[in-house]
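Across the two complexes that follow, subunit A remains constant while its partner is subunit B and subsequently subunit C.
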Partner chain A sequence: MSLVRLAPRIILLLLVVGFLASPESFDFVFRPLVQANAPAIYNQGDLAALTLLHVRMVFIATLFATIIAVALAILVTRPFGAEFLPLARTVVNIGQTFPPVAVLALAVPAMGFGNGPTLVALFLYALLPIFENTMTALTTVPPNITDAAKGNGMTPIQIFRQIELPLSLPMIVGGIKISTVIGFGTATIGSTVAAKTLGEVIIAGLQSNNLAFILQGALLVAALAILVFDLLSMAERSLMKWKAA
Partner chain B sequence: MIDIQSVTKRYGGKAVVDSVSFAVPEGTIAVLVGTSGSGKTTLLRMINQLVSQDEGTILIGGEDTRNIPGHELRRRIGYAIQGHGLFPHRTVAENIATVPRLLKWDRTRINARVDELLDLFQLDPAAFADRYPHQLSGGQQQRVGVARALAAEPKILLMDEPFGALDPVLRGKAQDELLAIQKRFGTTIVVVTHDINEAFHLGDTIAVMDKGMLLQYGRPIDLLKAPATPFVEGLVGAFDRPFRLLALDTVAGLIEPGEAQGEPIEAVRTRQDALAALMWSGADALPVVSTDGKPLGRVRLQTLLRQAVRPQ
Partner chain C sequence: MHKGRGLEKTGVLMAALILVSTFLLPFIVVKPNRILEGQGQMLIDALPSVSSIALAAALVIVGLCLLLRLPASARLAIVTAALLAVILALGSAANAGLPPGNSYARVSPGSGFWLLLFALSLAFIDVIAKLKLSPTVRLMLLLIAIVAVGGIFASGILADISVMKEYANRADAFWAEMSRHAMLALGSMLVAFLIGLPLGVVCHRVSWLRAAALNMLNILQTIPSIALFGLLILPLGWMAAHIPGAAAIGISGIGTAPAFVALVLYSLLPVVANTVAGLENVPREANDAARGAGMTDLQRLFSIEFPLTFPSLLAAIRIVLIQNIGMATIAALIGGGGMGVFVFQGLGQSAMDLVLLGALPTVAMSFVAAIVLDALVDFSKAPGSEVRPA
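Now for the complex of A and B:
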């Protein structure tokens, strides 16, 4: 990627790191947004620690969703697993149609307040894009390519590992990318049930009518989502360099 | 070498290959020709057990193919298909190395073989080895496809409409290239095509199939001399017959002593070429020379025309 295209991302990354290292230095930016005497920088906790917890939450939920969704998609695209395809689709779709707030409401009585319900909601939400992308990728490998692989003496496992999986990887990463970006936004809702995420900052801003707090939480979440999106897009491109003109 | 014995394959109760028997001698090219839906591709895919027959036996070098695990059998048999079927995420060199890698050849041997094949197909290894298939022209892709099929030095090569996606000029070149390679390695080749011209150009023997049945199997001259059914006669083409007959042999056998005026013709050219040259120049005879230009005598129009008479 050219430096011109990379530059805005690097600037964004430096801004995020700079802000987290020393939020007070940005006081002048947020000062005009608050009433006199109100704090302009979030002061009810460590912003850097919350950011790390937020990232960790999304990472763990997406990681588990990736393992389950990819495994499920591989299973139902094998000859022996084809009959489970409708069932797997239904389960994964239910995960997506449930509003995250409803998942939280249902999970809190069972798991109590804290990170647990949010992890479950993020996990369920991340399943569908990864599953659908993996399914699409695996079922659209051109038949003449798998035929050639078989005709050249590859076993079914070799065809899967050497042909189908590498050809599908870019699209699988694409699914992970969508799920991660959704996860960054959705995780903020988790703070309504006491999950440690950047949602705390936004909620604190709403409660004290402090626009600066709301913006700090929202901008950090947005910046993280953009950076991770770009990172995964780069991974996607490097996995399909064989396709680039 | 390949012995097909009353092989039948049914899909949904309907026989797509119906009790077909024939043998392909070692080191020859057999062409399966027929319309689409004639069962020729299914028959080809049964030879390497991509499809397994319902009845009958296929012997390769005397061994029943069903006694060999499918993937091991297929590593011994080259396989090239229409539209090349190259792996898009692998370079040209990696594509060609497919079967040698499956057979766990050592790296030096694989590299040497890949370079040898690239040279053979007139693709400079330095320029082409690291390219991806989409960076090649259609003709180059097709050559890499055949090179991949030949990589592990198979005794048998199966080809399913290998030149179907090429334009007529490239197709002719690819056919000549295949004939040269066959001569060099002595590979036994089975080619599926719907192009009767390709069948006559390539085949030592031709198997004509229709609706799952083998109508006739024999040398090209047998198909011309005695077509087994009206279908074969139609396929061979009543109009083209004398010209096809002349295309089967070279001028060498018809040289007579004497002189003639006009553009000389090489003795290795087909009799069809010689007839065309005679007709076009309006001459009664043309001089014949060897490939290095040495005069050998002449070929006369009358002699050629007698060769085009229906053989008895």
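Now for the complex of A and C:
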């Protein structure tokens, strides 16, 4: 990838790291947004620590979702699980209509306030795109390729490991990418049920009418989502090249 | 595959869920008041002995039936009957579980009930998916389901359930917030189309603008919803204070206005992206023929391009409406109203029944929107309804 295209992302990354390392140096940026005696930089916790917690929460949820979703997608595309395929399609379709706040709120009675409900909601929302993409990728592997492999005497496991999985990888990564970006936003809403994420900064801003806080939380979440999106897009592209080769 | 032989594999999963929820999980939870933790009761203990044994036995039989490869219509009948029985049982269990004369005690549905509902809904969905119904029949079924659910609520069978007690205490507010929620979701979609359609047409024709606009709208989507709601407080507050007449038409820093604008902004990406994609898929020959017939650009847009883009626009409506119904819940955080009012009030008071009162209708609204729009998308794709350029 050319340096010209990469440059804005590197600048964005440097800005995020610089801001987290020393938020106070950015005081002048946010000062005009607040009333004279209000703090311009989030002062109710460590921004860097919250950012790490936010990223960790999205990472853990997406990791587990990837494992489960890919395993389920593999299962329903094998002869053994073929009967589950139409059901799985419909459930995924319906699952995507569940509003995030409803899922969060409904998880609270079972898990109490805190990180639990948010992890569950993130996990559930991450499942769907990964499952859908993996399932689509596995069911659209050109049959002439698998037939040729069968003709060459490859076992189903060999066909899966050497042909189906590698051909599906870019789309699986594409699903992970969608899930991660959605996850960064949903983790923010998690703070309404007391999850430790950057949503805390935004909610603190809403409660104290401090626009600078809201903006800091929003910009950090957006920047993280954009950076991770780009990173995974790069992975997707190099996998495509590798697949084409 | 041996069709018609052996067990229904999906049925094994559903039967297992039904057995676990019937015999191992609490069907109802009896609480001393609306906030305190309650005591779970199994289905067997929750109803008078005869009816509880009858229901448990019936559920076991339903589970066994799901294992067999029965005709789809028989499965549909069995599952529908089971769903109704479970809901009626919940009503009478709540009635039986309430200590007489104690107006503070509450009965909530327990995990067993929810899992049972989930398993039976799964079976229901499975049958419906296998029947491959036409969009018209699906819409009819939806209508019947809405009438049935409405009838159940209107009959008062479930009146002793804690959620319904929360509802009874604030019925007026419930319907007011419900219509506000629907107005937020639908109104913002309408405005997004008024802005997004022309923008999509321009983006389709001016390629440098397309990349720029879609990039910007993509970045907008990464801004978390609660933050965007908050960030709009300042510009809208400024408008209300400085632009004459702005406050009079309801623009203000907090409340519905910033929520509405935020929903419009989030809706723009699907609208613009789908308009562009739809226009790109219009066959070149159709446009060439129209040009050859002497149509102006504008005539071509309205009589050729828009009709052919219709399925893609319907898909955008589906995305936007479901996204908006979900996000409108968050509007309550900035005083924008909607079902989120009950969700966040409930979370604040640790009154989970109040949370349910806000969350369940939101889920239901999303469902109905998804089913209706899926049917409409199928209609627009159905052979014969396609607009074929002459």
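Everything below uses one rule, namely that the second predicted complex is superposed on the first by the 235 of 245 C-alpha atoms of A that agree within 3 Å, B and C clash if a C-alpha of one lies under 4 Å from a C-alpha of the other, contacts with A are read in each partner's own complex, and residues count from 1 in each chain.
Assume a residue touches a chain if its C-beta (ideal position, glycine included) is under 8 Å from a C-beta of that chain, and two chains touch if they have at least 3 such contacts.
For clarity, every value in this text was computed on a predicted model and none was experimentally measured.
Asks: Putting subunit B and subunit C onto subunit A via the overlay, clash or fit?
Replies: fit
Asks: Taking the superposition as given, does A:Ala149 touch the first partner, subunit B, the second, subunit C, both, or neither?
Replies: Only subunit B; A:Ala149 stays clear of subunit C.
Asks: With the two complexes superposed on chain A, say which partner A:Pro129 touches: subunit B (first), subunit C (second), both, or neither.
Replies: neither
Asks: Applying the document's definition of touch, where does A:Thr90 land relative to subunit B and subunit C: first, second, both, or neither?
Replies: After superposition on chain A, A:Thr90 lies in contact with subunit C alone.
Asks: When the shared chain A is used to line up the two structures, what angle, as a multiple of 10 degrees, is there at the CA centre of subunit A toward subunit B and subunit C?
Replies: In the superposed model, the angle at subunit A is 100 degrees.
Asks: Which holds for A:Thr192: it touches subunit B only (first), subunit C only (second), both, or neither?
Replies: Second partner only.
Asks: Classify the contacts of A:Gly175 with the two partner chains as first (subunit B alone), second (subunit C alone), both, or neither.
Replies: After superposing on A, A:Gly175 lies clear of both subunit B and subunit C.
Asks: Applying the touch criterion given at the start, work out whether A:Gln158 contacts subunit B, subunit C, both or neither, answering first, second, both or neither.
Replies: first
Asks: Which holds for A:Leu167: it touches subunit B only (first), subunit C only (second), both, or neither?
Replies: first
Asks: With both complexes superposed on chain A, which partner does A:Ile214 reach: first (subunit B), second (subunit C), both or neither?
Replies: second
Asks: Regarding the shared-chain residue A:Pro23, is it in contact with subunit B (first), subunit C (second), both, or neither?
Replies: neither
Asks: Spot which of subunit B and subunit C makes contact with more residues of subunit A, would you?
Replies: The partner with more contacted residues on subunit A is C.
Asks: What does the superposition give for the shortest Cα distance from subunit B to subunit C, in Å?
Replies: Least C-alpha distance: 13 Å.
Asks: Please give the residue numbers of subunit C that touch subunit A in the complex, ascending.
Replies: Its residues touching subunit A are 1, 8-10, 13, 111, 122, 125-126, 128-130, 219, 221-228, 230-231, 233-234, 322, 325-327, 329-330, 333-334, 340, 343-344, 346-347, 352, 355-356, 358-360, 362-363, 366-367, 369-370.
Asks: Which residues of subunit B touch subunit A in their complex?
Replies: 48, 50, 71-76, 79, 81-90, 98-99, 102, 132, 134, 148-149, 158
Asks: For the complex, give me every residue of subunit A touching subunit B.
Replies: Touching subunit B from subunit A are residues 144-145, 147-155, 158, 163, 166-167, 240, 242-243.
Asks: Enumerate the contact residues on subunit A facing subunit C in the complex.
Replies: Going by the criterion above, the answer is residues 33, 79, 81-84, 86-87, 89-91, 93-94, 96-102, 105-106, 108-110, 181, 184-185, 188-189, 191-193, 198-199, 202-203, 205-206, 209, 211, 214-215, 217-218, 221-222, 225-226, 229.
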